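Report on the following structure.
Chain naming follows the written order as A, B, C and D, and within any one chain the residues start at number 1.
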Amino acid sequence: MSATFSLWRSLADRITHWPGRGAPQVARQMDQALTLARNLVSQHGETAGTKVAAELASLVSAMDEARLIDFFEALVRNFAADAEALQVAAQAYLADPSELQASRLGAACEPPRQELLRRINMAPGGTALLLAMRTKVLELRRARPDLEPLAYDLGHLLSSWFNRGFLKLEKIDWNAPAAILERLIAYEAVHAIAGWDDLRRRLTGDRRCFGFFHPALPGEPIIFVEVALTRTMSASVDALIRSESQPAASAPPNTAIFYSISSCQPGLRNISFGNLLIKQVVADLVAENPELKTFATLSPIPGFRAWVDKAVAAGRIESGLADQLAQPQWWLDAAASERLRPHLLRLCAQYLTGAPGEDRSVDPVARFHLSNGARLERINWRADLSPKGIAESHGLMVNYRYLPSDIEANHHAFVVEKRVVYAKAVREVMGPPSGPSGRQPARLSLVS
Amino acid sequence: MSATFSLWRSLADRITHWPGRGAPQVARQMDQALTLARNLVSQHGETAGTKVAAELASLVSAMDEARLIDFFEALVRNFAADAEALQVAAQAYLADPSELQASRLGAACEPPRQELLRRINMAPGGTALLLAMRTKVLELRRARPDLEPLAYDLGHLLSSWFNRGFLKLEKIDWNAPAAILERLIAYEAVHAIAGWDDLRRRLTGDRRCFGFFHPALPGEPIIFVEVALTRTMSASVDALIRSESQPAASAPPNTAIFYSISSCQPGLRNISFGNLLIKQVVADLVAENPELKTFATLSPIPGFRAWVDKAVAAGRIESGLADQLAQPQWWLDAAASERLRPHLLRLCAQYLTGAPGEDRSVDPVARFHLSNGARLERINWRADLSPKGIAESHGLMVNYRYLPSDIEANHHAFVVEKRVVYAKAVREVMGPPSGPSGRQPARLSLVS
Amino acid sequence: MSATFSLWRSLADRITHWPGRGAPQVARQMDQALTLARNLVSQHGETAGTKVAAELASLVSAMDEARLIDFFEALVRNFAADAEALQVAAQAYLADPSELQASRLGAACEPPRQELLRRINMAPGGTALLLAMRTKVLELRRARPDLEPLAYDLGHLLSSWFNRGFLKLEKIDWNAPAAILERLIAYEAVHAIAGWDDLRRRLTGDRRCFGFFHPALPGEPIIFVEVALTRTMSASVDALIRSESQPAASAPPNTAIFYSISSCQPGLRNISFGNLLIKQVVADLVAENPELKTFATLSPIPGFRAWVDKAVAAGRIESGLADQLAQPQWWLDAAASERLRPHLLRLCAQYLTGAPGEDRSVDPVARFHLSNGARLERINWRADLSPKGIAESHGLMVNYRYLPSDIEANHHAFVVEKRVVYAKAVREVMGPPSGPSGRQPARLSLVS
Amino acid sequence: MSATFSLWRSLADRITHWPGRGAPQVARQMDQALTLARNLVSQHGETAGTKVAAELASLVSAMDEARLIDFFEALVRNFAADAEALQVAAQAYLADPSELQASRLGAACEPPRQELLRRINMAPGGTALLLAMRTKVLELRRARPDLEPLAYDLGHLLSSWFNRGFLKLEKIDWNAPAAILERLIAYEAVHAIAGWDDLRRRLTGDRRCFGFFHPALPGEPIIFVEVALTRTMSASVDALIRSESQPAASAPPNTAIFYSISSCQPGLRNISFGNLLIKQVVADLVAENPELKTFATLSPIPGFRAWVDKAVAAGRIESGLADQLAQPQWWLDAAASERLRPHLLRLCAQYLTGAPGEDRSVDPVARFHLSNGARLERINWRADLSPKGIAESHGLMVNYRYLPSDIEANHHAFVVEKRVVYAKAVREVMGPPSGPSGRQPARLSLVS
């Protein structure tokens, strides 16, 4: 079940009077929809309000893709700001660039389309419809640059409405409604959940799951994170995901491993929640388990293998190493594996910390955690030997560690100084201070 | 307890680390607040997020009025849109007035202040703080026109966030938390609630109360309406408010009288909810009591007496009538009362339907219900003899009736055609078709 | 997962300080348990209360079977009523058989064991422990008649505590906690649930599920019933269980088919809830779907085939028919099937209505519904061709129908007059008025 | 509002189809009620169940007192155990006084009346009706000893049903439903609550309130306790009740003062909950406020003045002291007051610890706390100068202290050894070791 499908499916549950798709009135759908939309933004709309919004939402929900694109076009074209008034305001501002004129110009810029979208939100299920509309608009983005103003309006509204102040962190455990739990199975993006038994395993005993929810999307997680409570910083995903839960340890856990974060709403793409989620979950976990001292991830390195391949192709990797990597299934051969180990660990450290001469576009997962204030703690050998793990990162995984006292400094180092803060264990696999080009990269920073 | 006071009081409950007012650091408060605000809108703010927002919220909540005004000024001055970029965008739009350029100009217009306000909302209690800020800004509006851009931003954000799609209608009865019920006593704006016994009377038996709530303001009604279920359209407020509840009638009620609507949040002034509330409550009442057929208000006429006085002063009222009205406490004299009755009823019908030669600025309560699609149903003699009732409207009250089938037409008549739709009972008190000026007003419209 | 296992598992969740099984102190467990038990029934027990109860509950929960039986014996032996006082009271009653003496004798009869069990109930998880104890005592019943007094006390207490007035009917749908739903899968006794997809199928769309819950067993259903909303009285279990859900019909359902009732708590054996559950569910379904007119079961006939086999063995069935039934898999042969049809239907009608000369020990499912006031509505051919369906009833199933207006009369007919009330469709398959013995059974009763 | 009245009032809310009192069918009420009761205990009753129970409950709820007494009589007379069977069982037991025969005799003793009461409990509101019935039966107890068997049955059932394991402790604060809060005002038995403002004062800031609730009596507290969190052990009720809440102290509270415990259900008289409530509240308070170290009451001494008066009358008090106490309003005269102080404190210590030669029937409040394991901590001078305080105890109050580590020993001392454990502060006011009779009472015990 793809997340998008699920969204439309849940729309069907939320919007009442859902007309049959392909109903005979298709030809008149567009006219009707635009008439309703015009009514909705008129003064009249404020009175008829919810009813008109519900009719329009129902009509739009039933549109096929072609019809939907027509509708989007009409929204851009027919619900634009008043050009004449806008020109007057622009000239007024240029003549008197005061804050008051800027504010008036801002008001003149706002297209009725934004108010229309807000009023669609009055319909039962309106918020879910707007999310589905943005999902579709973002899919069409490249092919249809003319829809950009609509994309802007939807993004603007949704990012304002899904403000952290309106989100609620919920612990999701085995007592959660099955209707929510099946969404976890559908949305899990990092380590696929194999079914209900696998899911129960991730919600009970030494495991925790937390998600953000929005009051206008009941039962629909926005983003969720899976956590394992352990006594050591996990070095392999097998220990976490594929094995049985350990018997209760004699000592309480002191480490929380964030092993999966999944965004659930494609309609909220580019609106970031993961950072806030991790910090809130750390706070909640500490309140519940005061013994917890270490907070770290066990993260994939999705871009590492591609980066290595590119380096090989460019001749930037010594040829012996390249040959060894070309052996089929080298990771099943213990001796070959052992030979490759120091080289791959070193390369990975370079990849994640940014070798000189390369641009700073490090791994997306690294970028996420480093800019959140985590530090690069440890690179783990043979940490994920699943086909996906091999294909993406030659089986390596990484721990990013969140030290509450260092978060602001780490964030500043990464974002402002463009330095990656890393721990001793990473330094040790780097080898002598020589990158491919023989120099220690200037912007690394060693910690502890 | 004034509503404003209550807001600040509830802020104190919601915002943690509320420092004592008048703390020694007053001198440095402003610097600190502005530093925090700058951090919050910087890229850094996204990481530090909730924590910085909470500190800023706590600081602002503790400011005295002078400090607060300084802070508001700084928000207008220091968090404005980038003037240079805005000028470029304005010129680009004037050169190419396309929808794309309009959208870009809109983006350029948005001041960082708006993002700052959104991030303040991340603080616990942030929404309540923004409401309190808008309350204060609106109070200062006349004296400080330079704060208008801040007023615009706050209004823009709050009206988007308090979208109907995010409000929840709740039935408020005697099982509601006392903390909510005491707010009803504080906020009731039409017929003051005399205490907890009076309140219980309005929440039990044949009475109902409904309110809109927002998830970010738990326990805090946005607006509420009080309803009496009866068997006749109430003609006097005494029967509703001041008398004991009637013993259970033999027949179920067929009429719902909306006898009080109160807005609770001065920070949401000019953002309209009453219309949507009434319609939702009608729908909920019908679902619960299918026998209900008639939905009407028993409403005050706050501007009637002032209008009569003005007409007297202007010599537009015959002098005999004016003399009678000048008798002290004429309403205690049955004969005098009876003589005045037809005249006052006629004048009131004119006042409410709009006599020619006068502008359309009818009574604010009338304007609210008529534009919502109600019709003017009946004017009631000796309906509210309380000091306030006499002072405002010579003791008259009016029923506005909501006929589900006519709502759209009535709304259209009032808003577009500028006609007031009224019922036969109103026609009958109008006397022969002559206003003060002897002509039937052109824009009246008689129904049924 | 057996229901008993699950009970003990959920005990482990509920009782805190659960010591490890096989702990070294096994030898002293019994002494400790009996000391705690004595403390608990002493006056002291009222003060130490919950704490002592929790320790005792924890200790008992950890006992292995041998230890548990020792403990049960000790409860019978050491916590009996005071023999001397009881003898005095018995003699006093015999001398003066008044109601007052009877009441005193009753008080003297009550063994301290009952108060001990009540105080065990004060422990967190105490009610679940008492249920588990009764489960075990009932298992041992035949082997250990000396435990009968304990069985009586537990049954007496639990039947009083699980009074209908304390049970809550809950609708169980796909929004129920997964922890409850997995219990449905474990406890379903009629048509096994194949997994979570099968379960979802039974909780959504045109299906309903309701269960009784007790406040002291949160998340643990006592008994549940599965219902299909349809437009015809189902004649085959395949249509209900094994096929896909039908697309939403154009017309709303008018029939509710109860196709499965499962008791969940072996510790409540012989305490009847099914009757009350069905009636409450009928009332709730009507409130929610006023169009529902027909309420019927689709029920198995667990004893039919055994009854036929016995009749064959006794030569009470004509030999041609017996030979046909002896053909392997005759139900896969359409012609053979068609020949058997009238005979099996007739025999089944006899089996269910009770042929003269046979004792009244009809089918247990029939007895349950008929004594609840249902009538025998229809016998369905080829209604359950699953191995279990063939093995139990030659593939036949039956509809029992609950007509609200007839329930009391039907109940009276069955229980007092020992008559089975049946509908015309049953009469029609009975053939000419001759049972095996050629006479219309005197106690049948034809309806409609 | 008396508690009893409230019970009947809430009955009216809970039991449906409540017929008007004094309805014409009064004459036939009794016949109808007894027919329904017979139906309910018959086998038929199990089927008709809830419906018959509801009809009977409705009928009984509408009876006037005379009718109710007739009904109670009929319950005793007509629903007794089968005398013949009981005689057989009694003889069988006397012949073979085994545990099995005792258990059978117990079963034979149980009158159908008990089952009838259990089935009445199936009616909506049935539990509340049974409580009201027991309230009435206890009122009639002296006048009608023949109703004793009914009193026994009701007490037996209710004490089993209101087992601690079924009670839920709830924190009652200002967010509780007004419908519950108004019951606190009605039921408060120690320090009357003056209205809603006084109530709010007792539920917010440094005050806490907790109550036990039973699932069958939603919204109806069984018993509740009021607690003040302080920094010293309160010595005067004024500081707690009559003054304004103190401003938030700089340090968190370390002391919890239980200043009022009120039972709410006269139908549960003699079924003790206070002991369990206090211990559970102590545990909950510690979990919420780990700084709390001292748990004590500030309690009235309801029997002290009467005891002094009796001693005066008997000449056991020196005459000078008696004369001073006879001065009207001596407590308003500082010098007189000061003279009396040591004497009254000494007498009070004697009263509470039990002088030899007097029977052990100490103060009921003292008996409650001492048998719960509290110790007598301090006697407070001029602690309650309200008219009630003067009238009951010459203005004295007492602190009983609950030291978790000593509870069991204190309980044992009081209940088994018949010693009162008291603290040094009490010893100090006792004066030289001479009671009125000149000897140190043997059973006192000095602590710390």
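Structural remarks
One rule holds in what follows: a residue touches a chain if its C-beta (ideal position, glycine included) is under 8 Å from a C-beta of that chain, and two chains touch if they have at least 3 such contacts.
All values reported here derive from a predicted model rather than from experimental measurement.
Ranked by separation of Cα centres from chain C, the top chain is B. Measuring from the averaged C-alpha position of chain B to that of chain C gives a distance of 59 Å.
Inter-chain spacing, taken between the CA centroids of chain A and chain B, is 41 Å. Note on chain placement: the centre of chain A and the centre of chain C lie 50 Å apart, centres being C-alpha means. If each chain is drawn as a node and touching chains are joined, the picture is one closed loop, every chain linked to exactly two others. On the chain B side of its complex with chain A, the touching residues are 43-44, 46-50, 76-77, 80-81, 83, 86-87, 90-91, 93-94, 97, 99-100, 102-103, 105-107, 109-111, 118, 121-123, 126-127, 146, 148-149, 152-153, 157, 160-161, 163-166, 168, 215-216, 272, 275-276, 279-280, 371-373, 407-408, 411-412, 415. Contact residues on chain C toward chain A in their complex (touch as defined above): 174-179, 181-182, 195-196, 199-200, 219.
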